[in-house]
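Chain naming follows the written order as A, B, C and D, and within any one chain the residues start at number 1.
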């Protein structure tokens, strides 16, 4: 459970993709048979948009593998919750296990994909998503550090800039790190960026967003893929 | 599983207690409610002689807690075996678990008493029971090192001298160690010895065995308890 | 005959002394042993070190124990709860200490404590402020942090069913920290909704073998934090 | 749809290459995946590193794999079996390497491999020849030995029931090394006596969640070493 309040910032002046569209775009990269851990917030939405025909097994670090969508109202079971403490259901073939076994799945590299929110991502793959380093804040980290250290593919879903217009994707994070060199891909409202040994590589842009704009809103050099694409997301809000 | 072939040496010229009597004597020290792991050979016999009214839970390192006596002939189940690979039964309240959990019980100090055989015991509590260091032997250790390192009270049942008449209890072991400073008590055919910070302390003698004889058959100084007792074992063979 | 059952919550927690380290099970309200925690509040022990993933919810259970000023130090991964203000208030006033531990490292440290492993290495937190001051080490070209095990004098845990020997099964995701806390505490105290005869639990299905459990208390209809919070309940 | 079931033992082990590290479950005959081992003998992979508690029994299963000269190196705690001479013969002729590991350290190294723990400390073997050359360290006035994790390219495991997702339950003490070997191997291959529908295994009772398993082979009536040895069977 990570503190991604920044990712939940106000929607005013947002451009590009809606949040469901960001989740939709991330969902296209989840392959059939993947074991997936989704962070709290927008990442949770990803499960809704995985293309039909792909079977995905969801893991939640509090000790459930193979959970399904939220229950119907009135069907909630207090002992059947996810890491965000929200009610879940079970798919056939689900299992329960204790916390050490659950994090053995994470730390041991058994989860294929983790998607979470971010305060900042460095072009070296560093992630900051648990603390702004504010002196008066009560620090809280949850399982974010374990997830980014242990999962094979760690992706970020986050707005490209903060509600105050500051770039979230930058050469080096200024906030305390969650993990060093852990992020492979970013899904923002404006673009899909890969982190490569040479830094950010722009793969896809949201409709109407130019490379020049993205260079302005990204605080690090931005290479552009030869086959740069436009994200064609369905209408979702 | 430890190699205690030495403890199985021929009985000719043995004096003092029979092997069942040695096991009987050890059994008197197993307290009500104890979690106990018994090594292969004579230690296994101990379970037969625990005084009535004491409930003892037996652990076997291959992953069973709460097993009972051997099954009737014909009732053996290939998947229900102990660390010696011999068939067992289950008592009500038994449980199965995997090897790492089983040794967590051992290493984590959750087993109260372990009783095993010995090639040698030093008066500093060192135990040698897995190898004579012979060059041509195939070394094999099993769970003995884990047991002696992890269990709270580790007791030895072994003849006082080898079949060639050599003392097994000595100042320092000459064979490769199973563990250093791990033994608290020895039940031999001739005596009960405690290991104290000052070395061997003679607590009890078998009927007809004198302190002088024991000093001769023990290759280390032997202090004598003020309340030295004679073992009064039932007739068992 | 071994019989680990105790008659009352007060009896179950009677010997928890001032200064004790107490692991408390649960993740959110799932698995939270509210009745045992309330008995601990009644009992009066103070200056406690408490290990739990969070810091409780509302003004009941762990949050109430903290609010009552009984906890000197929290070891947890996420010191925030639902409608819970006791911890942040005390923390900002430096009236409670916090050791912040990544959730998986917390779980593994507890498991190590139960398994007799004094220390282990993990990549979790390497390169972050939470690894500051810890020993680092490279294995196979990757950097790891050395973490020490966690043990406790007592664990308070909630399970679903138990027998006189202390064998336990849990209820869904309420299993969470229960099994490993039972392993890591010298005295694991468990409240169960139902006690059953020894032998009634299938040996293949037992999650916590009785060897890890010292006391079993039946609480037939345990309270739920969410219900208590909805009622605006406070404890004591 | 995820379907980890494979049609034959030959298919299950087809991609095990020369030089692979293979964990093989079982303690004595309980849990020994004989059909998978025999398929591996047929398949021909050689120069293997094998991790198992023992070295097989009789002239079938693991003992036959060793006798066939396919194993370059054994990592085990007790390289002795029933009516088994392949390992000692090869060992005395320096035709097979042996890494002797205390049984609990072996189990914990495997578990660590599955849990992403590169190294840990244990008191087991401290002060003995098996700790020679290993890093020692004192924690709280007691001496410990640092042990590295064990991982494998493949695991061959026998369980009782499994589903298309790889969820498993075991049979009594045949559970032994199965769950941790499934965790520690890149490709865990499991033979089960029965395959069942996803959802047929109670989520509370699953011992190995499917995430740790890559292939499931149904072998309805698996052979038992003791019966084969009684028949004087040899393989191939």
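Observations
Throughout what follows, contacts are C-beta pairs under 8 Å (C-beta built on N, C-alpha and C of every residue); 3 or more make two chains touch, one makes a residue touch a chain.
Just so you know, these numbers come straight off a predicted model, no measurement behind them.
The chain pair with more C-beta contacts between its two chains, of B-D and B-C, is B-D. Between chain B and chain D the centroid-to-centroid distance comes to 29 Å (mean Cα coordinates, whole Å).
Each chain gets a centre from the mean of its Cα atoms; for chain A and chain B, those two points are 57 Å apart.
Centre-to-centre spacing of chain A and chain D amounts to 37 Å, using the average Cα coordinate of each chain.
Residues of chain D in contact with at least two other chains: 108, 111, 115-117, 122-123, 170, 172, 203-204, 207. Counting partner chains per residue, chain A shows two or more touched chains at residues 96-97, 100, 103, 106-107, 150. The set of touching chain pairs reads A-C, A-D, B-C, B-D, C-D, using the touch definition from the header.
Those residues of chain D that touch chain A in the complex are listed here as 1-2, 111, 113-117, 163-165, 167, 183, 197-199, 201, 203-204, 206, 209-212. Interface residues of chain B, counted against chain D in their complex, comprise 1, 60-64, 77-81, 85, 96-100, 102-103, 106-107, 126, 131, 136, 138-146, 149-150, 176-181.
Residue ranges on chain C touching chain A, taken from their complex, read 27-31, 53, 77-80, 82, 87-88, 91-92, 98, 100-108, 110-111, 122-130, 170-180, 207, 224, 226. The touching residues of chain B, counted against chain C in their complex, run 32-33, 35, 55, 57, 59, 65-66, 90, 92-97, 100, 103-111, 150.
Interface of chain C with chain D (complex): residues 108, 112, 115-123, 137, 139-140, 142, 144, 148, 169-170, 172, 202-205, 207.
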